[in-house]
Structure formats: structure tokens, C-alpha cells
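Accompanying notes for the structure given below.
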Amino acid sequence: MPATSVVLQARGLTKSFVGHTVLEDVDLELRAGEVLGLVGENGAGKSTLMKILAGVHSPDSGTVELNGEAVSFSHPVQAQQAGISTVFQEFNLLPERSVAENIYLGREPRRLGLVDVGQMHRDTEELLTGLGVTGLRPGQRVRSLSVAEQQIVEIAKAVSYDARIISMDEPTAALAEHEVELLYGIIGTLTARGVAILYVSHRLKEIFRLCDTITVLKDGRQVTTQPASSLDDAELVRLMVGRSISSFFPDPVEGTVVGEPALELRDAGNGYVDGVDLTLRAGEVVGIAGLQGSGRTELFEGIFGVRPFTRGTMSIAGTQVRPRSPRAAIRAGLAMVTEDRKATGLALNQTILDNALGVVRAVFPRRTAQARRDVPGLLSSLEVSARATDQEVQFLSGGNQQKVVLARWLTTEPRVVLMDEPTRGIDVGAKHSIYELMRSLAADGVAVLMVSSELPEVIGMSDRILVMRDGRLAGELPAGSSEETVLQLATGVTVAPTTTTPAPTDAPTEEVAR
Amino acid sequence: MSTPVTTSTPAPARTAIPAHQRGLGGRLLAAVLTPGGAVFVLAAVLLVATIQANPNFGDPGVIMLFLGRTAPIAIAAIGQYYVIVSGEFDLSMGAVIGTQVVLAGNMIGEDPDKVVPVTVLMLLVGAAVGFANGVLTTLLKVPSFIVTLGMMLALGGLVSYLTGGAATGNPVDEFREIGRGRFENVPVLEFLPYPLIILVVLAIAATLLMRRPFGRNLLAVGDNPESAERSGTSVWWLKTRAFMISSLAASVSGILLVGYAGVHPSVGDGYEFTAITAVVLGGVLLGGGRGWVLSAAAGAIALELLFTLLTVKEVESTWRDTVQGVIIIVAVAVAARGWQAGRRPRGSARRAPSTRIPTTPTPGTTNGDN
Amino acid sequence: MRKSPLLRGAVVSAAALLVLAACSTDDSVDDPAPDAGADPETSESADAPADSSADTEWFVQADFDEQDAQRSATFEGDEATPWLQYIDGPMTDTKKYATQEAQKVCFANASISNPWRQTGWITMNQQLKALQDSNVIGEMETRDAQDDDNTQIADIDYFITEGNCDVFIISPNSTAAMTPAVERACETGKPVIVFDRGVNTDCYTSFIHPIGGYAWGIDTANFLSDNLEEGDKVVALRILPGVDVLETRWAAAEKIFKDNGIDAVDYFTGADPSKIKQIISDELVKGDVKGVWMDAGDGAVAAIEAFEDAGVDLPVMTGEDEMSFLRKWEETGLTGLAPVYSNFQWRTTLLAVEKIVKGEAIPTEWVLPQTPITEDERADFLEENDGMPDGHYAKFGGEDLPGYPQVWQDRKIP
Amino acid sequence: MRSRLQPLTSTGIVVAVLVLSLVVGAILTAVEGRNFLSSGNIDAVLTGCSILGLIAIGQTLVILVGSLDLSVPFVVSLTSVVAAGQMAGEPANVVPAVLLALGIAAVIGLANGLVVSFLKVHGFIATLGMGLIISGYLGSNYQGSHGLAPRSFRLIDATQIGPVPLTFLIMLGCALLAIVMLRRTRLGHHLYAVGGSPEVARLSGIRTSVPVIAAHVLCSVLAAVAGLLLLSRLSVGSPTIGSQGDYDLMSIAAVVLGGTLLAGGKGNIVGTLAGVAIFAVLDNVMGVMQVNPFLKDVIRGLVIVAAVAVYAGREIDRRPARFDRPTGLDAVLQETK
């Protein structure tokens, strides 16, 4: 691809939220027809950077120039009108409306004052054809689409703004392998048209395949920007990680004993995961790594009875169980810290105390009095900083909210704690106390199973690492494995470490059913 | 709870988190700033205004009579509160009251021996109606608005059909005493109407119940059903119990109204909307998750005081609707803001991520930084 | 760039209006509807001066005077069967309807949503049984409008086109609104009987009603005025606005109260006893209440109990011949009067059908007697109606009908 | 494969229920010795649809946008008395009276919309309050019937084209306009968007208050049209005509029965009309069978709940997998489970 003109130039972007700097002095340069890969760990500032470009946030300092002119947006629509479209991780689609209606929402073509549905469908058709997409009808309801198809609609919507710049936040996160190919094709089409693309992904394979240039962010700072050709897997991972993790993660508490199996799965599966064999012992902290959409959360939901397993067996402390609901799972001694504390973890309008007692009250109401006595001490030991326990949790910081979530589960005295992204979106100090908590839980004979997108966390905290890919356990790695190894196993690229037995990337059953 | 002993790190000197953000006085003050607290002030203001307009209303006996007759609607509001706070509606309340009134009239009749068994039966009927509302709403997933609307039509029609539209007559006085009788010669108060005692007892019971796991779980379900489900809450049973409480409260209202007003099929007409109005006036959030049960009762008393004031001021009874309409719109508009103001901690230092309460559009609301 | 959707909304509705206007003119020009009504305008403006575009004014001096006179008029017929009595006046010749065949009667009922209507409805059904046994009436088809004007118009239209009716009986839900529909029924040439509330037309074969609201108002207001001092306060408890038979009661009473210096204040209660009790309680707190006037009896008990609960002297009171009031009246011994809005008119309508079938002339406006029950007569009526439910009416006039007294005691709505 | 196996939409189910009720109704009517399809009966059924239909169309718009309108019965009554008073029996006054009535309704709708969108008051409370306000005004200023519609205006109700009453055609016309509005105007598209997700709508550059206000205005105006048609039918204005028909709750029931989500964002006018028609057929058949009026209410109540239950559960079950189901395959697995 010939070197082309710079369409967007950002300089010295800095952004902090309430004293916590999430982005510091970052420069960015997007060229027409080129793909810029933006990589970094979770919390490195990628999303914030994207949101600044999209007009969701405005930077504290720094400038953004579009085709040489300084711009600043206060609303996403302004960014869109200026030619910057963003495809976010969460779909911003109306499930009950058709593909065409979603794409042209707010800009429906009109003739004689009426929405020209025919035109809209033709435009959509053309748009999709132009992107090389077939088999998607403009009139289809979005709800009836697969996630990959929804993703395509999102991208088509972004393109339809005549965007000169499209940023995509992990667009392949929820896609299966073959669906990714479709996306690659679309990106190829777009760059051929001279669109500049900002591409955020954890999948290194993709980064190398798609990107012309790669910018690495770490802790809000720009580590490097260089041509993709000058980097390789190992080097990129080193740049992304680039710090000693051992100091940050506490060691197991002395005297922690790994005991009997606390949780065992044999060939377990539901609509989302399949053939999971897993043994978790008391006193262990086991991490599950895997890309988004690899079925990590769904595995937890299977164990916890949210989407009960339909196949295989499960036992807790040797007793066979099959929880059909979270309630049953909790009774069996499980606890689950959910991925999204606001949507599924807390009742934001209730007080800290009420939230901390939420599970006990729901499942073991008779233990409420005891739990109520324990909560203040528990909250202090978690270092929750709050004015009082009658403060509503909506006014707490993310880290403190997360600690309240932990408190509400600890009051039930579980045998097995499932933690889905336990440190997402919280500050370093809070992270550290959550790590300490995990260790002390293990010391007390609790089994901890953790899902995390942050590789250092998985590697630093886990006694063993399980890696998931495409709804299956792809393998197991020992503590202290390198991030490269984990990533390779998770993405299924290049040489797999000898300790693993990689599952075939495309399970034959899927092929048949599809 | 023995687990979180952080032996690995020497804990910095921690002070336990206090139970309350403010002293008792401060908390009361903060409470008054919320709509749930403000309704008590509103009721007091209305009472003063009424007494000022006509000093006779300051007579303890008159106040007692007033509170006695407000008991049925206050109890209904308490019942409705449970349903609303769990995020649902109960439109069948008036029909349940009508049913109970007619049942009392027809089944007890002139036989004092039937008072107890029929009362038990009435409460069973109330519980059954609530159970049906709850199950249809939670398990069949029909919106509660529709379920209870259907129940309202069906129950009202059924009772009229079975009884010929009118009750045989008032039940024996022993039964009516529940809603009409009073303890005489009470110091200061002159006398105490039974309905007031029942209201006080039920209000205390309701307050205690809201402090029990059931009540807290109900608030949590109304606030965030998803989170409650994952916390092991049996959502269907919880909400069904709320519906049962609502119908039982309506049944008690009905029993009191038989005493207060006598048997008539139109007793209870429109109670569902009056009760919802009272609950909303009490600052309880439609959609669930917020509000105090006593405020709902206070809302009912404030509403009735308002009507009395209008009577005293010789406002035409036809204009009462208009006043009621204005009041509830204003109350709810203010409430949305009031809860924030009253519950926010003083000083903003701790309110770190208030940026997360989205004021600007934030696509990707659920994830933090990736 | 975007046009205001508000504007667009207005355009859309204006377009709807255009459609509306366009259609009606088109069709009225070249497709006069078959059932468009003869010419309602003339008939109405002719005999209903009150029904102009102005607000409905309920007090009409001429009607007041007429009913005042009728209170003391002589009624034709046997006093033992008051439901067949009438005041002498114009008669409708029904010879053309005379037949041997059992008739199909179509009854468009406003509703059975209050005890008075329920009692009448039961009586009517028992009368129907009697007439079916004597083969006068073959079948009566009833449509119940559930208190909705719109529904009742549809019901009448349905009867006209689909009912195969020999006789129409209409108990109008409201006066003015039902007039065109009644006129359409008249146009079929079949006998039309209207009872209870009236209509603004005289196309009917017979309009059956007791003397009327003014008479009620005169009886009751005179009674209260006689038993009270000038300046005494009377609380008037009214059910609902806008029903002629109720409005005229108050119109007459209000005038008399004013003439006699009685301080009367009126409330609408929807017949809800708890509302009634609250109103009285509040009034008692404000000051003495010496009299209670009611435009219907149900709820009277609650009114009396409000006095009892407040511990004050019972008022002078007028209720109705509903059993609940009669019983409470006797129990408390208050000074009272039970005016009557004769419930037996429900059976008179069917008996009128019998006369029509026989070709006997019937009064065009069949004014039934309407005599209040006084304290002296009370005991008799209580005794006769022993065992009846509270919602029953003492002067229901069905003692000679099949099923008496069981049917009324059971109060099973047909 | 998915498209071939696509289950019935809720509109499809409602229409199926309507067809079923028509068949059952025809049979029951025949048992009573009547003809369901006679012109008189068709007229009765269609007339039964007209008024509730108009109101339900407006209610659909309001519910689609995520609100509710409990003030419709009072708007109906108010417009009927105001227009009748203005007409005062004079044909020349018809146009100003109609415009006045529609204008007043639009103002009421505007007030509803403003309260809902800017004061953030739940539609339930905002319109309940508005209903009470109007009801107080009506009760204080109008005792009994009021005004008079001139003959020319009354012809609207009296006119029929074949067995089809003109009022029904007007209702259909409004329905058609509403359908066009929903499908062919930006306002309509934005109405769905705001009802489905205000956040997504805002991100797409839509001012979310506009559809909310417009829906409320249109709903009130349609209620006014219903009030005018009732005036044409009754010949006089009536301050209680709206409450007599229970149009608030019945219209909501019809809308939900028609497959529109009470939470908004999904539904259509056709479903609502089918819902209204189901009620009309039900009432018609119960009328023919001379069902006890009290039992009528029982049956209505049962039918409302039962009919909504038929698809309410399915709709909700199919919803959650929409964003997080990983692949089409798994979705299929989940559904066959």
C-alpha cells in the first residue's frame, strides 16, 4: 500500500478521571488507507483514547487535528459528522429494528418528506455489497442475526457515515474463527477505499495480519509506535507487558494447603461451552485465560446455574450436584463475582450494608444476624473506604464497589469462589487488596477460580492456568508461564507449548451444525 | 466469617466503618430532604393548615376520627408499596376490597359465630388472589399491569355475578366493630379507634418486615433484578409474596371499610389508583428499588388531609381531582431529583467516579478500560 | 435539517381531519344513509327548548309545577296494583299492534350496576315469566350497555337491524344522547316503550316513569323544611351529575331549601358509603348538621353512622325505600321520610307490552304513582319485606309474581 | 435455515387469535340462530372497533415510545363537550369547533409529553395526573350533556358505505396514517428507536424528547377524533362519555394484546387493530349470547391475561441471547435445548 496522507493527527492527549491518570501524553497518527493497530493490556488506556476520538470524552489536554484542522467534539454525533466512526465493543443496535433501519437511524433517506424505504434498502444493499458482505438482507431484524452479523451491521453503520476514519474496539472479540475472515475482507475493502482504521485487539495474529503500524500503550503512556513489519509476536508482547509482575502479586500465604478437589467438572457443556474437564482443589487459585468470547464467562455461568450445564457431571467437595439456578449453586457452596458489577453485581440504590448482606439474606436468611455482625469487620479487612455502611454504593468508587461485591459473597462462606474479571476497571490499590484477599481465601481452604483478560493478573495470581478457546478448554499451563505462551494457546497460533493439547480450531461438530 | 484474615500483609491501622454517615439528627435532616421524608413534613403542614382553617380539626377526638378513617387507605398504600418497590403494579386492589366487603356482608350475615371463620376465609381469598397475580406475572411473564387489570375485571365481575351485585346486608356488629369501634376514655387522645390501632400495628409490622431479609431482598429485586437473581434470590417467589401482601392489605382494608362504611359494592372503587398515588406521593419510585414503607402510609394520610383541607376551605368537591392531579405530577417530578440530593454523601471527596454515572453518553457502559 | 415532528404531527392529524371531512360530505350528498334519522333537528328543536347549545339547565319551572300538581293528582286504576295506575292524559292507540302471537321483545338496558336497577331487573324477569306463561311474550332479548352511551346506541341499532323485534323496550343511559337512537327505533314502526330516564322525543308508544325527580325533590325538601328551622344546615348527598332523574330531584330541593332559608350544601358521592361518611364527618367538625338529604337511598346508613360515631344528635333525614335505610331508620328512630322512585316501573313496561298486544290503548306518557313511605307506614313495609336483602326496595311491587319471595331474597341476577 | 424456521411473530399470533375468535364467534352466533356475517352484525362489530380503535392507535404510539397515556378518557370527554358547545347546533360552527377540539387535545398531549420528557415523570403518573386535572375541570364546569352537534356533523356517524360505517373508515384512515407515519417518516423510525433504547437513539443523534412529545400529542389528538366521533354519534357532548367506555385501561389492554411491548420499542398498529377487533368480536358474541353483564367482565379479564400469556413468555425468553450469544450455532443449540 502506498504511503498516503495523514488524515488524523493527535498530539499529547492526556486524560484523567478524578485524579487517576488513564492517558498521558499520547500521540497518534492515522493515514488514509492504513490500519493502525492499538495494543496494550487492559487498563492501558486504549478505550479512553478511542472514546476521545469518538467524542465521548474530551481530553484534558492535547490536540486532535483532522486533515490539518484542529477539532474538538462534545458529542459522538459531531465526530461522526466529521468522518470519525467508532465500532464499540457493545453493540449499539436496536434488536427489534431491521438492518437498514439501524444503519440509517437518525439519517433515514427521504423522498417527498417520507422515508424512502426502498432507497434505504438499496443503499444498505449497496453498502453491504461494497463491503463484500452477502447473505444479509436489509429488512432482517437485528435480533435474528448472529453476533458476527450484528458486528457487520455495526461496521456498516460506521461506514455509512462516509467515515474517513473508523476505529474498532476488539471487533473480533465475539467472533468465531471463520467469521473473522469476513471481517478481514471488509477491512481490506475499506482500506482500499482510503479509509483509515484504528484497530484495537488482543489477538496478536490479527494485529500482524491487518496492521501497517502498531502503537503500544501501557499504563496510559505510549510505549512505541512502529511499522508492524519491524515487530514480531514476542517483541510485541514484551512491549505490552514490559514490567516485572512478581512484585505486584502477593505470594501464597504461608501454610496454604492444597487439599481435596472442591469443584470437579467432567465433560460438562451447555449451549456455549463444551467438553469441559476441570478439577479445582481447596486452597488453589486457578486462573482462566482466553480471548473474549472464548466461553470463559459462559463456563462460569454454567457452573453457577445461570445457564445450567446440559451435559456432563459436576461435583462440589465430592458430592455430585447440578445447579439449575444461582440459588441452588449458592446452596451448594459456590459464589460468583460477576463480570459487570453494575449490571449484575450490585443494587446501586441500596446501602453498602444491604448489598453486603444481599446474598445471605436471599439464600440463608437465618444467618443474617451473624452476617450483619461480621460485615463491618469484613469491610474493614477489605479496606473498603466509605463514610459509613449506610452509604449507597452508587456513590462509591469502582474499587470500593468491587470490594462490596466481594463482601456480599464472603458472608456466605463459600467453598468455591468464581471471580469473573475481579479487578476490571479498578485502581491499583484496590487491585492489590483483592489479590491479597484471593490468597487469604486460599489459605483458608477456599478454592478460587478466576477469569481475567489481564494476562499479568492470570499469570501472577494463578497456581495453575487454564486457557479457553472457542468454548473449550484449550489446555493447562503451570504457574509462571510466559504471556507469550498463554496468548499463543489462547489464539491458537504458532507453536503451541508442549504441555498443551490444543483442541482443533474448528470443532467438527460445529462444522456439521453450521 | 473467618476467611479474610490478611495475614500476608500487615494491615495499616484501620478504623471500622461506622454504621451511619451522620448522627441521628443529621440523618433525620437528610431523610427529610428525600421525598420519602418530605411527605411527613407535607402531612404536618397540611394538618396545620387544616387546623388553622378550622380550629375544630385540632380537637384530639377529631384527629383520632380522621386517622381512623384514613387507616384503610393507608393500609392499602402499605400493601401497594410492596408491589411497587419490587418493580410491579397492582391494579386489582379495589376489586379485592370490593370482594371482601361483599363476602363479609353475605357470608357473615347476622351470625356472630361466623365472624372468625369467614374472616379467615377472606384472608385466604386475599392471599389466593395475590398468589395468582404473582404467579401470572413472574412465571407466565405477563406484565403485572395487564395481569392485575385482568384480575380487576374478572374479580369485580365474578363477585357481582355471584352476589347479584349487592350484598344481603351489613354483617353483625361484632364484625363491624373492627372497623368502627374504639377504646373510649383514653387520656389526651379522648379515644382510640380500632382501625388506627390496626394501622399502627401493621405499619410497625411492615417496617420490621422491610428490615427483614424479605424486605431488603425485595428492594434489591426492584433495584436490579438481574443482580438479585444471581445472588440466589428466588425472584418469582419474592414478587409473588409481595403481591400476596398487597392483596392481604387490600383485604384488611376491606374488613375495616365494612366496619367504617358498611357493605356496598362500590366500596373500594378506585382504591388502586388512590393507593398508587399515595405511594408515589410518599416518594416511592415507580419501577422499584427505592422508598420507605412508612412514607407510603404517610402519603395516604397526606392525600386524605389534602381532601379534608379542600372540604374545610369549601373547595367544590369536583375540583379535588384537579388538585390531586397537580400534586402527584409535581411530587414525582421533585422526587426524581430529591432522592439524589438527600442521599448523596456530604462533600464530594469520596464520590470519586461520579463520572461513571453517565451524564454524557457513554457507549460501552459496562466495560471500564479494556 | 429536520422538520419539527410536532409540525408533522399536526399535519398528519390535519390530514386525518381532511379525510374525515371529505368522506362525510361526499357520502351525505350522494348516499344518504338508510338509517340517518328522519330529521332529528326538527323534532328536537320543536319539543326540547332546553336542549339548545347552552349548558343543560336542570330547573324548569313548568315541569316543577306540573309534577308538584301530579303529587296530588288522582290516579286511574286499582290502588292495589299501583304499577298499573296512571294519570289521565293522552293515550296511544295500539290497535294496529294487536296480535295473538307471542311477541319478541327487545330490551336495551342501560345497566344493572346499582341495587335499584338490579331489583327492578329481577322483578322484570319474573313478570316476563308470567307473560311467557300466558303466551304474550315469546322471548325477550336483552342487551346491557354497562353504563355506556356508545354501547347502548350500538345495542339499539343492532336490535333494529338484527333483532327481529316485535317490541322495543329502552331504558336510556342518558337522555339527550339516546334520543336519535330511540327515534331510529320508532322509525321501524314497531312499538317502542321507554322507561325510567327520558328522551328528548315523543315518538315512543309509551314513556313509563313515576311522577319524577321534581316530585321527589318537593316531597323531601318540604319534609326537611317542615322539620327544621330557618338557617339550619342540610347536607345533600348526590350520586352523580348529569342524570336527569337525579338532577331534577336536586333542582327542586335546592329551590325549596333556598325559599325556606335552609342552608344546603351538596356533594357527589358516587354512592360510595365511605365517601359519604367522610363528607358527613368533616361537615360535623365544621359545624352542626341538622338535616341530610339524599338523592338515593344506598349509602344512607353510612350517613347516619357518621352522626353516631361523632356522638351528635341524629339529623332529620330523607333516604329512599331501600331496605337498608328503612331498617336503620326504624332502629335509630330518627325523624325521616323515605321517598320512592317507584321500582315497579320495571314490570309496568312488560305489562304495557301485554296491553299493546291486546290492542288496548295505553297512556302515551304513563305517569306512575310515586308516594313516599312515611314513618307510620314504615313498619308495614318492613314486615312485608322481611328477609329481603339490604339492596332490596320496599315498593318493588312484585308480591303477586311467580317466585315471590324466594327470587328476590336470593337476588340471583338473571 | 433460521429464516425458514422462524416462529410466528407476535403480530402473527394476534391475528391468528383474531381469526380463531372470528370462527368461534361465528359458530356461537350461529348456535344462537343468528348470522355473524349479516350486514347488521358486521356493522355492529365494526362500530364496536371504531372508537376504541382510534384511541388504541394513539395509545400504541405512546407505548411504543416507552410511555403510557391514562388521560385519554378525559380528553375524549373534554373534546366532546367543548366541540358540542362550540357547534351549538350550527352547521357553520363545525369546522372551528373541530379545530378547537383538536387544538385543545394537542395542547394536552404537548403538556403530557413535556412532563414526561423534561420533568422525567413516569408516563403513568404524568397522564394519571393530567387525567385527574381534566376530570376536575369537567366535573366543575359541565353537569350533564352539553351543546349540540348539527345534523351535518351527525351524518358522520349515520353514514354507511355498504355494511361499513364511516366512523370505521375514519378509524382505518387514521390507522393507515399512523402506519405510514411509523414506517415512512423519520418521526416513526425515531419513535421505535427511543422506545427501544433512548441511549442508542441519542448516540445516533436523535433528540429523544421529540418523539416522546410527538407521540403524546398524536395520542391526545386521536383521542379527540374519537371524542368528535362520539359527539357525532351522541349528538350532544357528554362529560362522562370517555370514562363510560373505560378507554384508558381497555386501550392499553388492546395494545398489549396486539403484541406491542409495554416497555416500548416493539409493536405495530396492525397488531393493535387486531387486539381491538378481538375485543369487539368478544363483546359482540357475548351480546348475542346475552351473557350476564357481570360475567362479561370476568370473561374480558380472563381473555386479556390469557391472550397476552400466549406470547409474553416466548418473547422474553428469546430476548436475552441477543448480545452475548457467541455464534449462530450456539444460539441454535440453546434454542433446541
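Which chain is which? They are A, B, C and D, in the order written, and residues in each are numbered from 1.
Keep this in mind: contacts are C-beta pairs under 8 Å (C-beta built on N, C-alpha and C of every residue); 3 or more make two chains touch, one makes a residue touch a chain.
From a predicted model like this one, the values you see are computed outputs, not experimental measurements.
Peer 1: Show which chains lie in contact with chain C and also with chain D.
Peer 2: Under the touch definition, chain C and chain D have B as mutual neighbours.
Peer 1: Could you find the chain whose CA centre sits the greatest distance from that of chain C?
Peer 2: Centroid comparison gives A as the farthest chain from chain C.
Peer 1: Across the interfaces A-D and B-D, which one involves more C-beta pairs in contact?
Peer 2: B-D
Peer 1: Could you please state the distance in Å, as a whole number, between where the Cα atoms of chain A are centred and where those of chain C are centred?
Peer 2: 73
Peer 1: Counting only Cα atoms for the centres, state how far chain A is from chain D in Å.
Peer 2: Measuring from centre to centre gives 44 Å for this pair.
Peer 1: Cα centroid separation between chain B and chain D, in whole Å?
Peer 2: Distance between chain centres: 31 Å.
Peer 1: Starting from the mean Cα coordinates of chain B and chain C, work out the distance between those two points in Å.
Peer 2: That pair's centroid distance is 40 Å.
Peer 1: Residues of chain C touching 2+ other chains?
Peer 2: If we look for residues of chain C contacting two or more partner chains, we find 112, 268, 413.
Peer 1: Of all residues in chain B, which are in touch with two or more distinct other chains?
Peer 2: Within chain B, the residues that touch at least two other chains are 160-161, 165, 318, 361, 363, 365.
Peer 1: Tell me, which residues of chain D touch at least two other chains?
Peer 2: 139, 185-186, 190, 199, 203, 292, 294, 296
Peer 1: Which bits of chain A are touching chain B when the two form their complex?
Peer 2: 17-19, 22, 42-48, 51, 54, 56-57, 75-76, 86, 88-90, 92, 169-170, 200, 250-251, 253-254, 304, 306, 325-327, 329-331, 336, 338, 340, 342-350, 352-355, 357-363, 365, 368, 371, 374, 376-392, 394-398, 408, 410-411, 413, 424-426, 433, 436-437, 439-441, 443-444, 446, 453
Peer 1: Where on chain B does chain D make contact in their complex?
Peer 2: Residues of chain B touching chain D: 89, 91, 136, 140-143, 145-147, 149-158, 160-161, 165, 273, 276-277, 280, 286-287, 316, 318-329, 332-333, 336, 361, 363, 365.
Peer 1: In the complex formed with chain C, which residues of chain B make contact?
Peer 2: 54, 56-57, 59, 62, 65-66, 69, 72, 105, 160-161, 163-170, 180, 257, 260-264, 266-267, 269, 307-308, 311-312, 317-318
Peer 1: Under the stated contact criterion, what part of chain D meets chain B in this complex?
Peer 2: So the residues of chain D touching chain B come out as 115, 119-122, 124-126, 128-137, 139-140, 199, 202-203, 249, 252-253, 256, 262, 292, 294-302, 304-305, 308-309, 312-313, 315-317.
Peer 1: Can you list the residues on chain B that touch chain A in the complex?
Peer 2: 1-9, 11, 14-22, 27, 212-214, 216-217, 219-220, 223-224, 226-234, 289-290, 343-345, 350-357, 360-370
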